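Chain lettering (A, B, C and D) follows the sequence in which the chains are written, and residue indices restart at 1 in each chain.
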Amino acid sequence: MSLNMNNVMGVIILTERKDKLKELTLNRALAAVPFGARYRIIDFALSNLVNAGVRNVGVFVQEKYRSLMDHLGIGKEWDLNRQRDGLFILPPEKYADGSTSWLLNGDILLLRRHLDYLLRSKQEYVILMTNPIIWNVNFTTVLKDHLDKQADITIVYHLTDHQNCLGTFTEINTDRQEKITAVKVNPLINQSSKLSLDTFIIGRKKLMEIMDSSISTGGSDFVRDIIIPNLDKLLIYGYQFEGYARKINSLECYYKTSMELLNPKISKELFYANGPIYTKVKNEPPAIYTKTAEVKNSLIANGCIIKGRIENSILFRGVKVGQNAVVKNSIVMQKTELDYGVSLENVIIDKDCFISAEKKLMGAASYPLVISKKTQL
Amino acid sequence: MSLNMNNVMGVIILTERKDKLKELTLNRALAAVPFGARYRIIDFALSNLVNAGVRNVGVFVQEKYRSLMDHLGIGKEWDLNRQRDGLFILPPEKYADGSTSWLLNGDILLLRRHLDYLLRSKQEYVILMTNPIIWNVNFTTVLKDHLDKQADITIVYHLTDHQNCLGTFTEINTDRQEKITAVKVNPLINQSSKLSLDTFIIGRKKLMEIMDSSISTGGSDFVRDIIIPNLDKLLIYGYQFEGYARKINSLECYYKTSMELLNPKISKELFYANGPIYTKVKNEPPAIYTKTAEVKNSLIANGCIIKGRIENSILFRGVKVGQNAVVKNSIVMQKTELDYGVSLENVIIDKDCFISAEKKLMGAASYPLVISKKTQL
Amino acid sequence: MNKKECIAMLLAGGQGTRLGVLTKKLAKPAVPFGGKYRIIDFTLSNCVNSGIDTVGVLTQFQPLQLHSYIGIGGPWDLDRERGGVMVLPPFVRSDGGQWYKGTANAVYQNLGYLETYQPEYVLVLSGDHVYKMDYGKMLEFHKNNNASATIAVIEVPIEEASRFGIMNTDSDKKIIDFEEKPKQPKNNLASMGVYIFNYDVLKKYLEEDANDPGSSNDFGKNIIPKMLISGERMFAYPFDGYWKDVGTLESLWEANMDLLGPKHKFDLYDRNWRVYSVNPNQPPHYIASSSKVENSLVNEGCLIYGECFNSVLFPGVYIGKGAKVYDAVIMLGAKILEGAFVRKAIIGTNAVISENCLIGQKDILLQETPLTVVGDDEVVAPGLSVFGIHERGGLKNVFKYE
Amino acid sequence: MNKKECIAMLLAGGQGTRLGVLTKKLAKPAVPFGGKYRIIDFTLSNCVNSGIDTVGVLTQFQPLQLHSYIGIGGPWDLDRERGGVMVLPPFVRSDGGQWYKGTANAVYQNLGYLETYQPEYVLVLSGDHVYKMDYGKMLEFHKNNNASATIAVIEVPIEEASRFGIMNTDSDKKIIDFEEKPKQPKNNLASMGVYIFNYDVLKKYLEEDANDPGSSNDFGKNIIPKMLISGERMFAYPFDGYWKDVGTLESLWEANMDLLGPKHKFDLYDRNWRVYSVNPNQPPHYIASSSKVENSLVNEGCLIYGECFNSVLFPGVYIGKGAKVYDAVIMLGAKILEGAFVRKAIIGTNAVISENCLIGQKDILLQETPLTVVGDDEVVAPGLSVFGIHERGGLKNVFKYE
């Protein structure tokens, strides 16, 4: 089998039901949360797939997926607008089995709802992601490793000191050959610094087969009901990703990861390492800096008009910062307007807000203040 | 004010909650039901707007709108894929007001949920449709009439003998100047042969204003709570449409209207009169007729393979009719396959069905048999 | 990812003079075929189905329809963010402008385009053949042979061999000699006009060729022989599927007939090798009670009241009551009015065959009858008989029966 | 709906030789401007904002970048099912091929394209001006005057008038005479190169002009004077907004500076008249702690460690620590390395100004300093000083300071 990425499909399952990022996920899926001045969280997962040559990607969604659909559209920006293969957004079909509630607990249950998508896809391998990670990974290398080892399943993991925002996590142990010896979901006592990046490679037919046998005996979760019971029966290997990777599963983690982008080494790796990160493009003029602008250590998107002072902050497209305004350690999302003399510190402001003159807002570095979409203050 | 259709926006409100067309609307909105061998019901409303030069169309949906979204996509086929204006599909936003149930009873309630869409639109007039009619109308003429009469609201109606499939209907009376004198919703005793086509012209600002004052005093329905109470206060005129028009609101009516398409005079008017009807295009080869094909008085889309006998029927794209099969007075939707010797009479078969060899299916002319999507018989 | 392993250069500049009335205002690759396609659809679909997503289309003659037909390539999935289809007409440089002098010159003038993708291989194609071919397999063959160039070949009847570039190969398929249109062909292995070159080798020969004032800058006449003489490793890739050069009116008609049963030499319904094309928006076609349609391809927008046998009908064709059509290709929007009779003919786009006309011969066996062609937009007056080629401003070979 | 009331023909074939190093491999309308635009964006956006959705773009010189930039017009909302934008390069007909000999000849050769839309009016535009203009209002003016042709005019300083086509009008704005580039201009009403013609009138004069062997087939030199002599009703439509011919390096630089405060002569942020362009995919720009950015336009993909004043930065520009940039236009991907100093300059696409270079004059007042230009892909070696125009293979007007 040659290393042909046309032979690989991508599956992204977005199961989360809780409002993990508080106000930011009130009306949108986690994957659709704006990130990094012009992206959404899912852009990284999608771009990594596309940059590796994957041409068939299914995104399984559960609810609150309207903004995600708006963002992804027909997949044009990811070059996935295609007549055959391309991008598929797959929400659960209501009524499909006569039930009235269609919220499902478990990633493979969601996947099974559109089994026909897996069935009619022609690719031999699946890159399966149960969480959209922030990273820039070369999937061709991961696939090569999977093929070299003749693995049934490869789990991509990274080493971490457990200091980073954890939330839910999956810990793994491997032997010297990288064969996985143990997997633990959210253990109270950490025994390994190897944490799963919730990204797997598996044969498409194998996936359908073990998913079917697992679900028919009560299974619902890929790691708990497929990986763990099969550690002895299948060849399950780990692949250590050595670059920068973050799993966003709390507001603190979102804020911390955002601030890490201000390190040019990290942003360079994330934005360029194995190809660019694609996102929905907007027609915005260049950012304009007036004579009174004073900007330090910040990431700024097009369409911004900057008259005030910005420090250690991230400004999304079309943000306006008035004269004498001061923005510190903050994230300001699309089209929000900060009037004359506004002062922000440790604040995350969602889209389309207006903060009137001289208002002061301040959160803690470990607990940023969040202002909801369309707030007028 | 010149007759500039750039100054007009279209609003289509799809409120229906019941499965009006039985199995055909189990999983899809009425507007998304396949019609006329290659169209969906909404294509007629949308194409009429576009052919008149309208460039901004909002489609307000309530539920089961997935297949509608699939069909409309980014509006490319209707030339509505635009950076400014274009096509907007507006589902109710859950949580928008903190309520858990988001199904609304009443067209103007649905409209108010996206008041910002009406607010930020720049057009002076709105063509409002609360039901997608099957017709080919010249909206430029209707607008001219509206402007000539300096009307506040124009209601488009047609004359009918009450024999046609009725379902819900709105009866109107007009004086000699076409000013509307009375409006009755679903009266038990018919007094007028003038029935509303659920299509209105009204100023955009006027609409927002009276909608607001109506809803704030308990109103929810455009005809009942805005038209009727304002008959004396506003200038409300009728516009008589003299062409072919059908409102689909029962299965019998769907079947009857479909069969009327087999009259070339009617189909010529519907498909060509004031411009073409646009629909999502698919890449299908030409229909193929074999040596054994025998087709009479039928409408057939591309991609069909016909080996059997077809009479007074409508075949959608990619239908296969086996040898010795007989199809009479029937409607067969996309990709359904009829094997050797199958016999159909007065049947409607939804998409992707397979009817195995020699099966006989028969409904009554007034009560067609419906086979649900993906049925294997 | 700007680098592409293999990109295609599709030669679409020819007028196709032998298609006469059909190519007066139309490049040959844009000629309609098979009910809803244009000839170029087959080559473009081959590219996509073979996994080649970067195609330069070299145009020169009357390209307007071709340019607007191709657009940015959506129907063929060639509207790619990186790569995709790109129309390459002749242009002016700082040192002046040059028309494309020959097939090789056309590619030479667009080395700048190739350069942006840094390909390893270049696939050179013609836009005027009807066939399904997996260029990916040919590329595999090319790589396995470690070749400089590979030419796709097909066996043709020996009596037709002198119309083609003919090869001799050794037992390993290595080409030992090549003659363009030989008078005395030594065998019947004909070039299909499908070449794969290593990009660096191609570039070198194109540049040499451009500096040779005596060259006619043609792949078959100049580049291939030159490479053979220079001892490059060149291989013949044998193809044995359906392949038709639709360069004459007769072969265009034949290729259309090949789509029909019982022979079905070419299958448009193959889901594993779809032929993509721009899809016109037309209502479903209508077959009236008075009509009879057998062994035919019928497109959307047709209105059939008469009879139609063994024919290919493009979108929007009208066949009136009592009209009979046999073994014909009726192009977009053409009308066969009431009582007309058509046999073994090509009726051009929007042509009108008026009431009771007779097109072709009525009572002669098919095999012996020559083809009758009525050009685009022609109106044949009621009752007239036409036999042969019909053009505005004059009839050629018209025999009146009455 | 195939008929269109008014369609635009945009002349984009010129090389723009006065833009020197910037247009060697690039048609003038494709020259980058204003941080993320190309010059043609302004005219295309004017069309869309004026409600004109059918635009033919006449190309000839090095059109590859322009063709691939325009594509099928998505960014300008010109990817329409009917109409939209169409690139029209020179082509070959049955009777041979002709390059576009002049502006009028280019439109003449594409009468076939115009014919398909049967327009009532044709708007003729140039692709090399920066301005915002509502052509709809001009059309209204044209119709109200019952004119055969209307020419948009702007008042220019009388000393520059001899560079333009200059008109005299009566009190109703009716043109009474027109001189192309007069030596002794009688007034300062200059043609902006924006014409509206009644289609039937235009067609007649273009056909006459094509048959006149003595004509240079140019609108300003031939068509307009001929129409005036023949007594056609021609009107001058006065325009008083910002309008800039960016045909020289100096004017290109000036127009970029006009985007900046405090003058802000041209507002890119006007939401009622948006300027559309292809949007590159680049990460947000980064401003480091060591940097200072004032009164500048900055695009995505920039990395700024140094200082930047009154400048326009295209996407992907790098300014190293300690580098200082004043009054400059830095094009796509150009790098100003550590410690370099740039004043009053245009730095071409992907050019590199190495460490401690001095580009332009360091200590002379802005108004008196001539412009310095470094061409695309140039690398200025560390420590070098450049003043004037810098091109590969030779420096023009280079003064070394050290």
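Criterion: contacts are C-beta pairs under 8 Å (C-beta built on N, C-alpha and C of every residue); 3 or more make two chains touch, one makes a residue touch a chain.
Here the structure is a predicted model, which means the values were calculated and not measured.
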From the centre of subunit D, which chain's CA centre is farthest? B
When B-C and A-C are ranked by contacting C-beta pairs, first comes B-C
I'd like the Å distance between the centres of subunit A and subunit D, where a centre is the mean of that chain's Cα atoms. 42
Centre distance in Å when subunit A and subunit C are each reduced to the mean of their C-alpha atoms: 47
Flagged in subunit B as touching 2+ other chains are 77, 83, 283
Got the subunit D residues that touch at least 2 other chains? 75, 274, 276
Touching residues of subunit D toward subunit A in the complex: what are they? 34-36, 75, 261-262, 268-269, 274-277, 279, 281-289, 291-300, 303, 312-313
Please give the residue numbers of subunit A that touch subunit C in the complex, ascending. 6, 51, 76-77, 79, 81-84, 275, 278
Which stretch or stretches of subunit A touch subunit B in the complex? 26-27, 64, 66, 69, 73-74, 83, 91, 93-96, 283
Note which residues of subunit B are touching subunit C in the complex, please. 36-38, 77, 262, 264, 267, 271-272, 276-279, 281-291, 293-302, 305, 310, 314-315
Interfacial residue positions of subunit C with respect to subunit A in the complex: 1, 51, 75, 77, 79-82, 274, 276
